[in-house]
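Okay, got some structures for you below.
Note that chain A is present in both complexes that follow, paired respectively with chain B and with chain C.
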Partner chain A sequence: MTPVTEKKDLSLLAKGHGLPLACFAVVAFATPFLLSGNRYFAFVAGVTMIHILWASGMNLLYGYTGLMPLMFAGLAGISAYTVVGLTASGWSFWLALPVGALAASISGIILGLPSLRLKGFYFTLCSLVIQTVVTLGFIYFSGLTNGDTGISQIPLPSMGGGQPLSGLAYDLVLSAAAVIGVIVLIVIVKSTLGRRLIAIREDDELAGMLGINVTGYKMIAFFIGSLFAGVGGALYAPYIGFISPRSFDVLISMNIWLMVAFGGRGTIWGPVIGAILLAPLSFLLQEYYTVKDILYGLLIIAVIVLMPAGIAGGFLRKKKESAPPLDVPATPRGAK
Partner chain B sequence: MSDANLIIFLSTISTGLILGSIFALVAVGVTIVYGSIWMPNAANGQFFVLAALLGWTMTVSWGIHPAIAAILVIGVSVPLSYGLEYILVRRFYDVPNRNISYFVLSLGITQILTGIFAATYGRWSDQFQLPPLVSGITFIGPLPVANNRLMVLALALSILAALFALLRYHRYGRAIRAVFQNRDAAALRGVNVKASYSLSFALGNAVIFAGGILFALAYSFDLTVAWTMSITAFAIMIIGGPGSVLGAVIVGMVFGFTQAAVSTVASPTIAAFSYLGAMLLILLFKPSGLFAR
Partner chain C sequence: MNDILLDVKAVSKRFGGVAALKGIDLVQHRGETLGMIGPNGSGKTTFVNVISGHTKPNSGTVSFDGRSVSGTNPFQIAKAGLTRTYQAVRVFGELTVRENVATALVDARDAASQEAVAEIADWLRITHRFDKPAGSLTLMEQRQVELLMRLVQKPKLMMLDEPVGGLSSAEVRTMIGVLSELKGRCTIFVIEHTMKVIRELADKVVVLMAGEKLAEGPPAQILADQRVIDKYLGTADA
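Entry: the complex of A and B
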C-alpha cells in the first residue's frame, strides 16, 4: 500500500476561508475599540465573542461529528468553577485557565463516553441527563460552588504589571480567543481529522469499516469541543464577575445549540453568524428576559420546522425534497 | 414499632402511593406518545404544570368547583393537542430519525412555556394551592390522611385502570397498539395510521394533564416542578422501556415510593440523583428498558 501523502500547507488549509477569516478578525479586533466609548455595548460584544467560541466548539461536535451534546454548558461550568476556585486559592488566572480548560476536556471525554454506544436521540437524552446531574452537582456541592446563590465578585485576571485586566484589554483577549477558536476549527475541518469526523457524522458504521477509528475520533472530537467550552467558561467567569448553576444549565446548552443550528451546522461561518445574531439578544432583552425565552423557543421550532440547514445552509444547499409519504392509506377510514 | 415510627412508615407509604400513581400517569402519557409517534415529549413537565396552573386559575380566580375545573382542564388539553399536532407534529410523521427532531421541537415548546409561565403566573405567586376536592380526614391506624388525597389517589388509579382497559379492549386502543407494533402492517390491515397518531398524541397529553391537575389538587406546587417532572417522566419511560405502558406504571410506582422514602430519610436531591443514575445505567446497558415490548 502506498501511503497517501497529505499536504500540510496551512495556506491550502485556509483556502476559501481566507477572506471571511480576515474580515472576521478585523471586525473582532476593531469592535472593542469602536465600542470603547460605551461600556455596556462593549460588554455585550465581549460576551458575544465568548459565545462565538462556544458555538464553534458545539459546531465541531454537532455540525461535524453529528453528536448533539446538551451537556456543553455544564462542561463550560466545570471549567469556570475550577478557575474561580483555583484563583480564589491564590493561583494566577493564566495558570488556572489551562487547568480549567483541561478539566473541562477530560470531563468531556468521560461524559462523552456514552456516545460510543448511543446514537441520535438516545445520546442527546443521555447528555441532557448528564447536564441535569452536573447542574444538580453545582447546586449540591455548595462548599465548592456556593450552591444556588452562586459566586459573585470574581476578581479580574491580572496583567503582567500586577494591574487588573479590565475594559478594552479584556475585550481584546476575548476577541483573540474567538478568532483563534475559528482558526482552529478551520484547520481541523480542512485536515484529515475533519474529513474523518464528517465521515463518522454521515455513517459511523461505514466509517468504521473503512478503517477509521470511530472510538478514537469521537473522543478527539469531544476533547477539542470541550476545550472550546472550557476556555470559554474560564474567560466567562471573571468577565461577568458572577457565576451560578443557572449560568450553565440546560437552557444555556440549548441556546448554544440554537446558535449553531440557526446559523447553519456543519459550516464554519454559520454558527459564528448565529452567535452574533443571538448572543446579544439575551442582554438587550435583559429587562424582558421572559420574552427572550419565548423568542428562543420560537426560533428553535422555526429552525427545526422551516430551515433544518440554518441560515448559511440555505445559501449553500438546495432544499431537499421531502420524502413521499410511506404508508398512508389512500382513503381515510375509521380505525378498526 | 413505636407509634411515631409507625406514623412515619404509613405516611411514607401513602405519599409514595399518591406520588407513584401521579408519576405513573405522566409517564404513561409520555410513553404512549413516544411509542406511537416516536415523539419524546420533553415538554411533558410544562404540560403538567400548565394543567395545574389552569386548575388554579379556574378554582381560585374564577371560583369554579375543583371537580368541574379538573374535567374542564382535561377537556382543554384535547383542542390544544390537536392544534399542536396539526401545526407541528404532523410535519415529521414520515421523516426518518424523527425522534431527535421531535425532541428538540418539544424542548422549544418547553422554553416557550417556561417564558410564558414566568411572565404571567411567576409574577403573581411563588406557591400555588388549590382548594380540596373533598374535605375531612380519615384515620388509617394512627395516621390522619386528608380525604382529598385519598380521593386523588382513587381517581389516579381509576384513570390508569381505564387507560389499560381502553388500550386492551377498545378498538381505538387496539388500533393504537397495532401502530405501536408495526405501522406498515397496521396500515395494510386498514388502520388509519395518521388518525391513530393524532389520537394517541391527544390521549397521551390528556393523561399528562390529568396527572397535573391531580397533583395540584393533592399538593401545593411551584413552577420549578415542571423540569423535575420532565426528567422524572423520561427516566421512568427509559427504565420501563419506551412504549411500554405496563413498564411505565410499575417503574412510576417504584419511583413514587423511592421519592417518598428518600425524601424522609435524606433529601429530594438525592432522590433525583438516584433516578438519573438509574436512567444512565439503563441507557448504557439496556436501552430497550426493563419491560421492553
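Entry: the complex of A and C
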C-alpha cells in the first residue's frame, strides 16, 4: 500500500506535473522571443500571461476551495490603482508591487468574509454586489483614480540602471509571473493546505467535523488567491499603460471565471489552457463588441450546460475510469 | 468506573416552535457504551449535533474529557477527541478512499502512523477499495470508510448516528461485530432503532421521547420497561 500521509519532500510535490510544467515554462519563455518581430502579437501574449496568473488564482478559489468570487477583477484593480498611485508619488514600481498585491490580499480577506456564512450560489451573488461596489468605488474616488476617465500614460517600471522595462524584457517578466504562479498553485494543491481546501470544497461541514478549521482555511485561500489577482493587477497597469474602472469590472471577473470553468476547474492545466484560448480571443475581438458579448454568453451557457467540468475535467474523468489500480495488493491482508 | 468522559447538563434546543430538546442531562463514562433510542423526531440527532458543535443549544452546558466545549466550533471539538458519524452516510464522494483518509489525517491532533492506518483499514476490510472514489462504494463500505476516517484520528469518543440504518440483515450482523470490536479502540455513543444493536452493544440506554429523557438504565431493564414498550417499542418506529 502506498502511503496515505503527505510527503514533505518538495520534489514529490510536483509529481505528475513535472513534464507539463517544463513544457509550459519553455513555451512561456520562448514566446516573447518568437514573437519579438511583431509587437502586437507579443503584446497579446503578454496579456495572456497575466490572465494565466489570474486564472490560476481564481482556480485556487473556485476550483480547489469551491468559492466563486466574482469580485476577483476588483481585487486586481485595487492593486493596480495602489501601484499606479504609489509610483506616481515617486515609489519604485518594484516596491509598489508587493504593497499593491498585499492591499489586494487584505481586501480579498475582508471582501471574502461573507463566504463564511453564505454557501455556494449565495456567496457568488454577494460577490457580484461587492464587485459592483468596488467598481463604483473606483469611479467615486476620482481624486485617486481619475474616475471614469481612467489613468493613462502609466510609466513603465524601470530596470536596474534607470532604463525602462519595455518590450521583450517586460514580456519575459510576465512569462516569469505566469510560470511562478502555476508553480505556486501546484505546490499548494499537492500540500496539506491543498488537501484541506479540497475537503472544504467537497463538504465543509464534514471537513470541520474532521478537525479542519474551515473559517481559517477559507481566509487563507482568499489571501493567496487575491495575491494572484494583485500581482497580476500590478503588472497589468504599466504594461497596458492605461487603467479605468472598466479594466477591472464584473465582465473581467466573469471572463477570468470563464477561463477556469471552460478550461477545467480544480485541475492545474485546464485554467491555463482556458486562459491561453480565451485571453487572446477577447483581445482580438475587442473591436466587435456585440460579437464578443454574444460569443461569451454562448460560451458561459455551453460550459454550464454541456461541460461543467471543463475541457480538462472531461479528459481527466475518462482517464480515471479506465486506469487500473496500481498499488493495491491482489489479496488484501485483511480479507478472510 | 468514575471517569466521566461526557457530561451534558440541561441542554435545550428549539427550532422555531418545535422544542427538539428539553433540558437533557446525561453522563457517559470512559469505556461505557451508551445507547440512545427513541421515536422519529424525538431529538436524538439534534442531541448529537449539539454535542459535536454543529448546532448551538439555546441553553445548557457540555463538557468533554474534563473541559467545557459549550460554544466551541466543531473543529475544536474534533481536536479534543470527539467525533461523530451522520445518519445519512457522509464521505467525500468524489475523492478516493485513500484521499478521504489522507484528509482525515491532515488535521488530526494525534494522527495514526502509516502502519496504524494500514492495520485499521485491514481490520475494517476496506483496503482493497482504497483507490476507488468513496461515492462509488456500497453503503456498507461507505460506513466502513466513515469509521476508518475517524479511527485514524484516535478519537476518545465516537458518536454513531444509526450506524446500521439501511444495511441488509447480513450487513447488520457484520456491523455489530465491527462495533463490538470498536469498543476496544474508543468509547462509543450509539443511536439506533435496531434493538439488536442496542441489546448486544450498550452498557446503558437512554430513551428520548419528544425531546425529554423518558428512561435511563441497563438495556435489559429499559427494553422491558412498560412505559418504553408502550410509547416506543410497541410502535412502528422501533
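The working rule: the second predicted complex is superposed on the first by the 311 of 336 C-alpha atoms of A that agree within 3 Å, B and C clash if a C-alpha of one lies under 4 Å from a C-alpha of the other, contacts with A are read in each partner's own complex, and residues count from 1 in each chain.
Operating definition for what follows: a residue touches a chain if its C-beta (ideal position, glycine included) is under 8 Å from a C-beta of that chain, and two chains touch if they have at least 3 such contacts.
Nothing here was measured: the structure is a model prediction, and the numbers come from that model.
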| item | value |
| --- | --- |
| Chain B versus chain C as contact partner of A:I110, first or second or both or neither | neither |
| Contacts of A:V133 with chain B and chain C, given as first, second, both or neither | first |
| Touching partner for A:V26 - first (chain B), second (chain C), both, neither | neither |
| First, second, both or neither for A:L95, with chain B first and chain C second | neither |
| Touched partner set for A:L34, first chain B, second chain C, both or neither | neither |
| Which of chain B and chain C A:L210 touches, first, second, both or neither | second |
| More chain A residues in contact [chain B versus chain C] | B |
| Chain A positions touched by chain B in one structure and by chain C in the second | 325-329, 332-336 |
| Chain B contact footprint on chain A (complex, rising order) | 68, 114, 117-118, 120-122, 124-126, 128-130, 132-133, 136, 139-140, 251, 254, 257, 261, 289-294, 296-301, 304-305, 322-329, 332-336 |
| Chain C residues within the chain A interface of the complex | 52, 54, 73-75, 78-79, 83-84, 86, 90-95, 98-99, 101-109, 111, 114, 117-118, 121-128, 130-132, 149, 153 |
| Complex contacts: residues of chain B adjacent to chain A | 40, 42, 88, 91, 93-97, 99-101, 103-105, 107-116, 118-119, 122, 171-172, 175, 183-184, 187-196, 199, 231, 234-235, 238, 269, 272-273, 276-277, 279-280, 283-284, 287 |
| Residues on chain A engaged by chain C in the complex (per definition of touch) | 1-6, 192, 195-196, 198-199, 202-203, 205-215, 325-329, 332-336 |
